[in-house]
Every structure is written in structure tokens, then in C-alpha cells.
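Shared between the two complexes below is subunit A, which has subunit B as its partner in the first and subunit C in the second.
== the complex of A and B ==
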């Protein structure tokens, strides 16, 4: 693009500066923040063209669109921050349709007084996450609200992607007899955030599992084809909420084996300490798939061959159940119903 | 969709209820809020399918994607509210590429304690705006933060649309000699919000101009074809910010006639009273177009034939200027430079 020299008189003081209301007012200060921080970090032609929207070519086919707001507290936690989370989380929602993510948009709502150094770190983390995932952040927006009217920064990202021809995953597609596959350990993200929030220390630090899952998904689609019924990433509300939602949408129940669900020992210990059940704790780099029985083995093999699916496991199956219950057979042979989360167990976990 | 009966025991108390942290926690309360409020109001198959993403078919071609965060204060103002604004504003950013808007996503960040009746009113207003514009809100997200960590509700919407073949509007496309056309009066939205915020009353109430401009845009594209260089909606920072941005992107200057720029008398009076310059005040239902000279008349005629362009006017032209100045010839024959807004004249105007 034939962009002229920048019309800014002073360099943005990223080291010591703070966001003020002028950075959201549509004038020179906002233009400078966008140019020096966002456009510089996200670095792509569509963004630097300086339009209020990004334009891109598409082929005939099926697309998906998804959005998520990120309000995680604290903003920085072991294994990630709100920036990487806002990229991974939305990529994953695109990927759960079996789709290949293409482009992201980002809307920032920033509290007056927020340190530009923190904003720069978050934006850098978003840029790195997007680069690693080969997804471009092509358009965005910045608003600033008065001190005390937000909490640091909130980020809403939206993703679009393309669905491979013939694939049609949907929450209402689970059928009795289908197998349930989980891509790895649960609870890591929620416990990483909680431990930081509560100032807990463990012998081994628990890291968020925040990761972009579209590579794993592509491998599963290649292996499972039409045998893949649906995929979900169990974020807020954990595996329990996700499977209850699917049960309601598909009109089925689930029977899970507790012993088959991978949980790291230190996450298990932290959950006991905090009075939490790992089934309800958020994940940001895991998926659960419902697969037709004759395709389950092939999909599981493909998952275990991918770096983000090394601990993948079959954890149970779909059953006919007019009550749409998610049932768990415990390690001691008993059973219990895994209900929806009914309170606010872990606010602002993502 | 084959959705089973809802798994909620009590009806959502929209009249007296308030949003609490459980409405953002991923459990039953959130599922109920989504089903009874959002899905019911936005009412379309893609949303009610209950997936974390919306899927739709596209033809081969060029698409645009745009996002905006809305933090307007107060939430309700003469002529609109944050809900209608969040639909109109994002549709307009899609439309400024000459594109036909197709789908919107919506991310809500809500403060604990926010009245469900207000949320319902806002969501109803979004639904009505989307329906009137024939654009579907197909996916969304809800987060709740603790009391005092947000300000009622913030909404980020993202829009996608398709660009007519052969059309390529861009901020860097203005050329010396091009004409500048404005679709109507400026300053209405900003003054409507400010008057509510400052509790000002005028003889005639000033209403926000908030409106979806894609119909007007389609008429302009049909009339102007390749003669249309670019369009912009002068929101935050007003016409001054918009034209300074275009001047920087295209490497040109602008010469405007002050007397040609339509301003309602009561907006003019309010601006004098508040110490504001209408050139810097936000609009939410106006556009400015840069058009090749031999197409300007046809585009202007098309604008004036549309209900949202009745007051359309030619207000000046693009000039060669290495300084990229926006210059104004005043009604008294003098001249001044319309610089970027340098402070935070009107925070939270959109």
C-alpha cells in the first residue's frame, strides 16, 4: 500500500504510557495507537490498508462464523494471557465445525489508565498466537471507557473459516451407540487461572492448556470423515456443560467412565483443595468428539498421533435417554448424574 | 431443528430479574438466558441450532468482515439505544465497502446486576434493527463480570458481507479532482447522546440519525459503478476525522465548502452551547463518498432519491496536497484547516 509517512508528532510511549480517553475518540491519538501498536503487531496487508473492513476472496462453499468475548481475570496467567486466549478460543470455535479458520477480527474495550506496556504485551501475544496458527487478524476496533467502568481490557474476537465439502458437524447429530473421545487432560486452564487468582503455589506449576486445535481437527476429519458427528471444546462449565448441551440438542444421554477421563494429578489435587470438580472446570486446548462406532478407532489413532492429542482417550458413549442425562460410572463402580453447573463456580475464567 | 423441550425449571424473570454471574458461567442459567432472550429475539435457524458457530453457504467472490465495539453512554438515547446502534454501525462498516451485509455476530459483556428488562429491551432493539435491514444475527456470546467491572452492557458486533463483482472501494483511492458527496446533516447522533447525558432539553428534540445505510449504498453503487472511489461513515471524530484518515491513506488533500455541509439548526445551536464543532461530532446514519467527477451527478441524484439521502449534498473536492490537509472555505470566504481531533471531545459516543 502506498501509505504516506505517519502524521504523528511523538512516538507512542509504550514503556511508560497509559491508555487515555483520547485513544478511543477517533482522532489522532487513536490513529496512532492503531498504527503503532495493532497494525505493527498484526502485520498484514488487509489491516494496514486502513479501511474499516477487511476484504478477501472466497470460493464457493460453506463458511462458519463464531464470536467470543474474553474477560479473563487475571489478564496474565500461567501458560497464556487474554491475548493468546482470545485467538485460540475463537479459532477453536471455528475448528469445532470441522472448518479451517481463515480470518479473525478483534474488538478491544479498554479501561482508561491501562498500561500501554501491558496492552503491547497482550497484542504481541495475540499476534504470536495468530502467526503460529496461520490465521490473520484482519480488522479491529478500539474503544476506551472511563477508569472504573471496565477492568483493564476486554477483547471480543470473531472468526470465519471454511468447512471441507461434505462435512456437516452439528450439536444435534449424536446418536445412541456413538463413541465419545476426549483429546487430553481436563481442568488445566481453569486451575491455572484460579491458582494465579488465589495466589496458590504448587510443586509443579499448572499451565493453561490454551492452544489452537484446528490442526488436530484437520487430522481427525481426514481420519473420520462422515463418521465424525460433532466436536466441542469444553470451555466454560467444562466437560459437564458441553455434554449436557449436546445431550439437550441431540435428544440423547451420555454414559461416561470416570476412570477413563484424564486429569493431571496436580489438577486433581488443586481441585480437591479448591472444592472443585474437574468435570466443571474450563479447558482451552481440548476437544470432545462424538464419533460413529465404526470410525472411532481411526479417529482416536489420528488424535494420538497429533501433539495436541497425545493423551486422547475414549471416555464413554452416547445412549438413548429421554431425560438427556449425562451419567458417570465412578472408579468404584457406582454411578452419578453429571448435571449442568447451576451456580457461578468459576467466574471470568475466559 | 429437532430441539427437545427446554431443560429449565423456572421461567426467566425478565420483568424484575437481574443478570448475575451464573448467567455467564456456562451452566444452566446461561443456557436459559441464551435460549429465552437471545435465541427467542433473534429468531433464526442458525442461531437456534445451538452450535458455537453459524454455518452458511457462500458463492465464489469477494467478502468483507468488520467489527466494532459499542460502549455508548447512556445506553438509551433519543432515536436509538446501544442495541440498534450495534446493528446499524456494523452494517454500515460492511456497506462502506460497497458490500451487501449478510450476517452479524454479537458478543455481550454484561455487568452483574444489570436489569434483565433493560437487556431484553436492548436485545429487542437489535432484533428489530436486524430484521428491518434483512440481516441475520447468527451467533453470539455472553460474558458477565462483577459489579463495578463494566458499565451496564458492552456489545461487540461483527459483520460479513459480499462485495459486488468488479467493485473495489478503498481508503487509498481518492484522486485530485474527485468530488466529495455527503448523504445528509451531520452531528445528529453525537448531539442526541450528549443532550441525554447532560440532561439538556431543546425546543425540538434532537434524534440520533442511527440507521442502516446498505440500501442507500446499493443505489449509489448502481448509479456510480467504477466512478465510486470510496465511502466512509463519519462516526467517532466526525467528518473531520474521516476525511483526515482518507487524506492520509490516499496521499491527497480536501477542499470543502462550509456552507455546503448540512447541519440542522438545533444541532448547530446545541454545538454552540456545548462548545463543539459539528465537523467533529459523530454520525451513525450518514456517509461521505468520494466520486470521480464525471460520475458525481449520477451518484448524487441516486442519493437524493433514497429516503436516507434526501439532504445529500456535494461539499467539496479532492486536491493534490503533500501536507494532506483538509481545508474548509468558510461561509465568510475565509479558510481554515480542519485538523484531526486531538483530545477526547466526546467519549463513549458509540
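== the complex of A and C ==
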């Protein structure tokens, strides 16, 4: 009796192989990459069905949807990699609506010549991050571009989730008198990534804070209910950019206390010699919440009871201000603005 | 963080501020120029103004290397970068400084020029070693602090036998700029700018020491207090300057004793003296041509001099006529007095150099301090 033909004659050489143009060409090589690498790692029924889309039932209530592209350099950094980041980042964008994230899609743009071992490591890290977060990666896409047309791999992920009944968090909801709560130390992710940048390598024990925040969010929603006005995760542009965005959307100002904002001593030190301000450095596992004053204490207690909110702190409050300034009382005792970031944060030269 | 947090202590600041408040005479105004952009930045970043009495005013000086570079020098760098064989290495701050006709290094890079941002002179040297087919030019700017590293890089390039590494030298000298300000009609004859003393340079003085300032203190009868770049340093320096003014003294005092000595850094000075010599004159934005105020490479290092290698001719160019950077750099005007400030000129779209560097008076005032003007307007209305 003849044995049925194997779908692929040779196994994918993950140890020594490299991505070539055929892996994105729609033929058998691409099918093998998808089956042996992506489907095997993400391992769920919807993806295994092999359709061009994922089908799922829509639950009651409001759904939220978000999308994000990941181009981090270097691809692997202390505390994470582009894979885990592309899962955490998109989950967090869903979660900031107070939503429970359900499903992700993932689209890969891979540069010709990229090592399959690195790709496998990245995909494994995505799968682990999704599994830990109990979120499924249910559909995806793969493209390969010629050498020099990308930088290793770029990943885009889209996420959907559901918002509990009655919750309506929005950037325009901050009101004068509201309290500002921060879930922990700022600047960890940006400094961890920068410590591995070419020409800038320095030794630090700082790990990226990359983490999925929906568990923390659920605890805050349970404690704060209607008193929660809005939540944001301060990624690119840091806490400064996030609060300026909220100030613009809500038509208010902020007054912050520098001494109340938690910063790790190592991050403080790295910022010092790089000429950076931690307020502008990216985070990937922190959130800032604006809460009605009479709910602030309950929400803060809930944050501190969660492993991702141990260092949570009240850092200031919302004030009426037609100029929409984010103001800060420095630890030194003076006042200043925390403005939008202009250009990239560059080290001072003398 | 040790050796940093001590100099930003809010409790000490409060005590020092009340000492200053008790020492000022209510019947007079005090105006002190902080020469360095590093001080300007510290004053704005930490809100030092809020701890000073109303009759003590800080005047921002020209000590920001990016700010004082004239348009013509930026134009030259852009011309150089457009040479297809050239890789121009520059500090990030210079990328957005406007040249003539709305150009900048940033725009030249977008148009295809090979311009790379580096963090140190040695990064540029590494690029030259790694890419022997490229003419690698380091766009060197800065005061006495950044000159020794440039000298070291040139000597290293010579030792390694690199023939594709050159320096476009724009290093300038602090004492000549201070002298120029003190001799300007605004300060000396017209009295339009009141300067009762100087907060002297921090990092520059670690190299040149305190001795070069003795001349100003004596000749122009202005006290100089050399101070570190931390906010408590500045506050302490202001306290010392007020004491000198009240006691009618004009001495060079050193607040920054943890880093600055009378003679400075002999090794660094020797390196600089070996590689560089004085230019007869150099154009500064704001100050115009200032005699013997900048350095060039000595003839024996001509092989590493981009001006010689590429036969660069200096073509002076005008600032935007509405831009007040010049007057602001001399302390004659404040940022808010410029019509462009905050209207068409912001850190996102700078029209003048003072809005580019975080050490520039306009950028510091816009980024950190503009709420003060807003609250003054509110109080007045």
C-alpha cells in the first residue's frame, strides 16, 4: 500500500535556514513556513482551519478594535523582543478602553535573508505572550521583501475586545479636580532598548516593562466603576505626550508633582548621562488613569494589589486651563511645563 | 542618584532661596547673565526663577554652541554634505538648524545627502575606518569643552594613517565672547542691557580653569561666579553674586570647586594647543565678527582639515530678518519680544537657532517657561 505523499518533502531548517523570497511567494515554501512556524506556534482552532479570515461570535455590548505596527530596533532587547511587544502593545491599546481583549491578527513583513532561527524565536515569544494573556492569534499574513527593503522583520497586529456594559472611557472625559494615577515606574522600556542600540551600548540591569495590562485594567474597572474617566498607556513620547494628548482632547490642564512620579534609580542614571528626560521615554507595561476624586483611593488600592501596579502612585490632578498646559512642580521647588516632545530626544552636546 | 540628587534637593533650595530673599536690597534691581546654555537649561528645567526674588533677573547669554553658529557655516556644511563622496557626521542638535532659504541638514538628508548623527567624535572616526571609500567629515562645534575630544580624534586618525577623515572645525572660545558682550554698545555705552555679573561656565571652566576670567572681573568691574550645571549650583552662584554686588566687590569666585581648579585641565589644554591655532576672526550669530574667537587646525594637520581638503569658501548669509536670535544671544531682548516666537517659530518648525537646541534661550523658554507669560496675562486682565 502506498503511503500518502507528505505535504513537504524536507523539514523547515529552522536552525540554519534563512527566509528567501519564495517564503512570501504564495507557493509551497510559503505554505510550509505558515504551517510549520506560525500555525504550529500560535496553535488554535481558528488559525488551524486554514481560512483567510477568522470567524467568531460577536458578544453582547460594545466591541473595540485597534491596530499597531512594530519596527523596534534591536529586535531583541533586555526583557522582551519584537514578538512579545507586538502582542502586549496591541492588547494594551484594547485594554485602555476598559475592554477585555479577545483576538489578535498578526501580519509579518520579513526581509530576505532573515534567519529562520530568529523568526522562530520571535514567533515563539508572541505565542507565549498571547497564551499568558489568554488571547488568541487567529489570523495573519506573511510578506517577504528584498534584502535592504526592511530591517529584519516588521510586525503589525490588530486586536479586538469587548467593553463591559456601562463603561465609557475616553480621552475627552477628564474634568478639573480629577486625580491622575500612574501604575508604576516610567522609562524602563525606552532605556532597556536604548542600552542595546548601536553606538550606544551600555551595561544596565534595566529590563523592558513590556507586559499585558488587561488584568490590571479589569481590577481597576471593578474598583472604580463609573469614577474611571480614562486610561492610556504612555508608549512613544512617554508620560509627557500622553498627558498632553489628554489635555488637548479634554480641554483641561494638568498639575503634576515631579517627586511623586516613580523612576528607577538606574533609569534616572541612564537618562542623566544620555541627556534624556524620563517623562518622555517610552513605556510598554504602564498605564496612567484619570479618576474622579471620590473614586481615586479605591482605584489606587486595587492597582497596588495587582502585581503590575505595586508601585502605583497618585502623581497630580486635572485643572481648568484654557492653554491646556501640563505643568509640573519640580522636586527642586520651581514650576515648569511638560511640553510635547519635539523631534527625537537627543543627548545634549555640552 | 549619588552626586546628582544632592544638587537638586528641594529642602536645601528652599533654605537658599530664603537666604537670597533676605540679602537682596529692595531699592535696586539685580541682573546676572548666565553665559552657558547649560545654565539656561537648568534654570528653565528646574524652575529656578520661581525661587528668586522679583528684583533678581537672569539674562540668557550666548553660550549655546548650536545657537551661535552663523547661517553661513550651516550653509557650508550643507554644501559639503551634498558632495556625493562625502559622509557628514554631526551631533543631532545641528540637524534642524535653519540654513539659508529654508534649508537644513535634516532636509538635505531627506534629499539623499549622506548625513549621520553621532554621539561622539570617535563614532565618526569609526565610520571612517569602516568605510574607507567614503570621505568622512566630522562637523565639529562647541566651546572649550568639546575641543579636546576633537583634537584627540585628529591625532588618533593620524596615528591610524586614516586619509579619509577630516574635521570641519567650528570650535569657539568663551572668553572672547564674554569680552565682546561687555564691550558692546548695549552694555557699555547705551546701558540698554543691565549686567551686574556673570554666572560663569561650568564644563568650559573644567578645561580652561578660573584664571581667564580675572581680566573681565578687573577690567569691566563685573563679578564672575563659576558654577556647576545643577540647579543648586545656580542658586548658590546667584547668592554669591548678590553678596559681591552688595559689598561692591568684583572678583572671580568658584562655586564649582568639585570640578574646577584655577589652572584647569593641563592635559586637555596641551592637546588643543598642539592641534589648533587661533583664527584671526570668526562670525558668531548674534555677535557678528569677533576677533580671535575661534580655532582652526594648524598647518601640520592640514590633511585632516575639511576646509583645506574641500577648498571650502565661507559665504556669509543673513538670518531671517524678523528673527531676533541675535539680540536674544546678546541679552538685549527676551524670547517673548520676538514676533516669530511661538507664532511661526516653535521647536517643531524653528526659524532661528535659539529655538533648536534645548540649551537655546527660546527653546528653553517655550518648552518649560511659557506658562509664566500666560499666568501674567491672566493676572493683568
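Definition applied: the second predicted complex is superposed on the first by the 332 of 350 C-alpha atoms of A that agree within 3 Å, B and C clash if a C-alpha of one lies under 4 Å from a C-alpha of the other, contacts with A are read in each partner's own complex, and residues count from 1 in each chain.
Criterion: a contact is a pair of C-beta atoms (placed from the backbone, for glycine too) under 8 Å apart; a residue touches a chain by one contact, two chains touch by 3 or more.
In this text, all values refer to a predicted model and were calculated from it rather than measured experimentally.
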- Message: One more residue to check, A:342. First (subunit B), second (subunit C), both or neither?
- Response: both
- Using the touch definition from the top, say if A:251 reaches subunit B (first), subunit C (second), both or neither. first
- Applying the touch criterion given at the start, work out whether A:272 contacts subunit B, subunit C, both or neither, answering first, second, both or neither. second
- Message: Under the stated touch criterion, which partner chain does A:330 make contact with: subunit B (first), subunit C (second), both, or neither?
- Response: second
- Query: Counting only touches as set out at the top, which of subunit B and subunit C does A:235 meet: first, second, both, neither?
  - Reply: first
- Message: One more residue to check, A:145. First (subunit B), second (subunit C), both or neither?
- Response: first
- Message: Tell me the contact category for A:259 with respect to subunit B and subunit C: first, second, both or neither.
- Response: second
- With the two complexes superposed on chain A, say which partner A:97 touches: subunit B (first), subunit C (second), both, or neither. first
- Mind telling me which of the two, subunit B or subunit C, contacts the most residues of subunit A? B
- Query: So which bits of subunit A does subunit B touch that subunit C touches too?
  - Reply: 342-344, 346-348
- Inside the complex, what are the residues of subunit B that reach subunit A? 1-4, 7, 20-22, 24-31, 49-71, 73, 93-94, 96-97, 99, 103, 105-109, 138-146, 148-151, 154, 156, 158-160, 163, 170-172, 232-233, 235-238, 241, 244-245, 248-249, 251, 282, 324, 340-348
- Item | Touch list for subunit C against partner subunit A, complex | 1, 4, 8-10, 13-14, 17, 37-38, 41, 44-51, 65-66, 91-93, 96, 117-119, 123, 141-143, 145-146, 203, 231-232, 346-348, 357-359, 366-372, 374
- In the complex, subunit A touches subunit C at residues 199-200, 259, 265, 268-269, 272, 323, 325, 327, 329-337, 339, 342-344, 346-350
